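Both of the next two complexes hold chain A, though its partner changes from chain B to chain C.
Moving on to the complex of A and B:
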């Protein structure tokens, strides 16, 4: 009996914590079904009062989605701006990280560990430290105010290499040696032996890189001045200020791609172990 | 095994949802304007503006002549009108008429004339006006019309000028109209404005309202509300 009570208490505590983490999403989702007028009415603040907390709409309405999808063509263009920045970053970073991590883990070449140490230093450095050199380099290359100024610096990061290297370390060397004896090439060993065993790591890298790039804000503000080229992550804050009547629906739409990506890779992500 | 199959099903569903989502977003990126235009209410508008209301009246009556063969001969006629005449006619208003005059042996012709309204009173049918002939354009050889001669009232009453004249069908519930304005985005929006009807003819009304004279919504393909975007047909 006592054991059951303990289990129930644990589940209750976990349920509360889960609810706490899910609350912003539930809140955004529920509020996205309010009308713009209701949002204006309920979230009007003045110096004396804070905006209240409203979870249940007075009247279920798809007006915000209608407004976002049909009345704000700019919003959808910004969505594709985000895609245009995020997809290449994820693709390039994943490919580069897989090859680099494989080289640092399973290939033997001079100064391998020293080079990896330099990589680690890059990982430790906060992004703000490299911001100015990156800016100057991009300016010299004439890429300021283009999507390349966002894609290139973010595509080659030490994070993916370090993450996948940790996964690849657990791939037994014996299997690779056996493949070599059977005549498999290095590329074949990577794609047929190593990659299937680090699927979880690759999935984790894809999800984390996607989320990181999808939510990119600082780089955009620094490298891009043309607001037409802004991704949704930056434009959303402007929507919140100027077009608050549809902000919740915009938030839900913004959340949708990373959520789908996570659901797609959820199995590998959950089973991934370093 | 079953768990693995379930995961595959989830993956398959996620891919389908993702493809559908991206396809919808792609479609709407290029065609949101077209779809929106299709979903928006389509309205027909009529230009508003200042002017006067006109009320054409054509009716027949009989001439009544009094004081014949004296210096104080007076020719009058009465006619009925169902319309509320207050805004259109008052004592002293001039009206046009035609009177049947004998031009020869058993020959008759209508002669134009003008008359002044001398009295207006309510009757069972609406209003009864009495008008006194001021001028009758008889030609040489015409006999002076006598009592009982047919008179055809063929005149157009006109109100003073009003600032806002609208079609009556544009006034909803006798109390408000929808004006069409152009927003900053160069698109059309409707705004609901309360009005007070001052005078009306069969099709038009003079109204008072606290707004500039903009085009009025005449008809709408679906219900509209204040501040809504609309597509103006024509």
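Moving on to the complex of A and C:
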């Protein structure tokens, strides 16, 4: 009997912790079904009127979604800008990193370890250090104020190579040697033997790179001056100031691509390896 | 012999795209920025640019705020997930469902939830209305020293998730057989934790710490969403300092700051990795 009480208490505590993490997200979801009028009424604050905690809308409405999808071409354009940046970065970075990580883990070539050391240093350098070199190159290439200035530097980061190398290290050398003796080409070994064993690493890389690019801020405000080219990660906060009536639905829509990607790969992602 | 050269050629070819990208966008321009760091309008000026940088008040303000933020936020974002994953490990049943829910703050974009944070923390927001109801003074989260507290809170909220996953994976790797005998020998749960579990967990802890430090470098994103381009001086971070200098394209200043900060970060990381090596011995 006593044990049962303990278990119930533990689950209650776990529920509370979970709720704490989820509250802002649940709040955003719930409020996305408010009407714009209700948002204006409840969240216009001044010293007389504090914002209350309104989890449940007075009236369930799809007005915000209707407005965002069908009445705001500008919003969809910004959403498309985000996609236009994120998808190429994820694709290039994944492909480049798979090949490079395989070379750095399983193939022997001169200067290999010295070159990999550069990747480790780059991995830890923050954007406040790397933006300046990036900027100089982008400017020299004449790419300022184009999407390429956002796509190119972010496609080549040390993160992908280092992450995948951590996974590939655990692929036993014997399987690779055996395939070699059977006459398999290096490309075939990579795709038929190594990649199937590091699916979790590739999934993690895709998800984390997607999230990182989807949230891109620093590069955008430095390289891009034309606000038409802004991705939603930057534009949404300005949007909130001018069009706060549909802001919750916009937030929910913006959240969907990374969420779907995560749900699709969640099992591999959770079996994190280091 | 021939096989070895073939392997070397393939290896270089496979690594080449990544290497070209890294050299073109990071290494070569970094070397060029060394030139800018020591020159002014084309003339070699020695360490003059550095001296000017170190005299800049905003530079030190940015360093101070970033340091305060890191010293408080990073330990919190490691210890809280550690406690939660220790708690999760006491469940007999699988808690995978809960840990996937925990990950949501990481998955959900910053820009999506920022409006909710504003409603909660603004001067006449939900939190202050609560504080008022229980008879406390309202707090200005967007001005003054409390703005740093808000930034730290949001960082911890966002980064706990991934660290819980990493810690849980680390804890699963410690077999029960290691902990059980100590229990039978009369060690209390606290002793088992400090003498057996935590030391065995230390590789994971180092990795979590490293990942948290790397994400702490990206705190600018949250600050930008909450406070815009010109934040309160309490949350004026290094990235703000760099951005200001990008606005007026002050190349010598940007280059010297880049060089100084990169040397500092690399030195810090070397100490970090040495400490890890020593502790794992």
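Keep in mind that, in the parts below, the second predicted complex is superposed on the first by the 264 of 274 C-alpha atoms of A that agree within 3 Å, B and C clash if a C-alpha of one lies under 4 Å from a C-alpha of the other, contacts with A are read in each partner's own complex, and residues count from 1 in each chain.
Going forward, a residue touches a chain if its C-beta (ideal position, glycine included) is under 8 Å from a C-beta of that chain, and two chains touch if they have at least 3 such contacts.
As the structure is a computational prediction, the values presented were derived from the model and not from experiment.
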{"item": "Partner chain in contact with A:70 - chain B first, chain C second, else both or neither", "value": "first"}
{"item": "First (chain B), second (chain C), both or neither touched by A:258", "value": "second"}
{"item": "Partner chain in contact with A:178 - chain B first, chain C second, else both or neither", "value": "neither"}
{"item": "Partner chain(s) touched by A:12 [first = chain B, second = chain C, both, neither]", "value": "neither"}
{"item": "Touching partner for A:130 - first (chain B), second (chain C), both, neither", "value": "second"}
{"item": "Which superposed partner A:211 touches (first chain B, second chain C, both, neither)", "value": "second"}
{"item": "Which of chain B and chain C A:121 touches, first, second, both or neither", "value": "second"}
{"item": "Larger contact residue set on chain A - chain B or chain C", "value": "C"}
{"item": "Touching both chain C and chain B, counted on chain A across the two superposed complexes", "value": "266"}
{"item": "Chain B - residues contacting chain A, complex", "value": "7, 10-11, 14-15, 17-18, 21, 24-26, 28-29, 32-33, 35-36, 39, 229"}
{"item": "Chain C contact footprint on chain A (complex, rising order)", "value": "10, 13-14, 17-18, 21-22, 24-25, 27-28, 31, 43, 45-47, 49-53, 96-97, 99-100, 102-104, 107-110, 112, 115, 118-119, 121-137, 152-153, 155-156, 158, 161, 186, 211, 214-215, 217-218, 221-222, 232-234, 236-237, 240, 244, 247-248, 251-252, 254-255, 258-259, 262, 266, 269-274"}
{"item": "For the chain C and chain A complex, residues of the former touching the latter", "value": "4, 7-12, 14-15, 17-22, 24-30, 32-33, 84, 87-88, 90-91, 95-96, 98-120, 122-126, 128-130, 132, 157, 160-161, 165-166, 169-170, 203-204, 207, 210, 213-214, 217-218, 220-221, 224-225, 228-229, 238-239, 241-243, 246, 254-255, 257-258, 261-262, 265-266, 269"}
{"item": "Interfacial residue positions of chain A with respect to chain B in the complex", "value": "69-71, 73, 76-77, 79-80, 256-257, 260, 263-264, 266-267"}
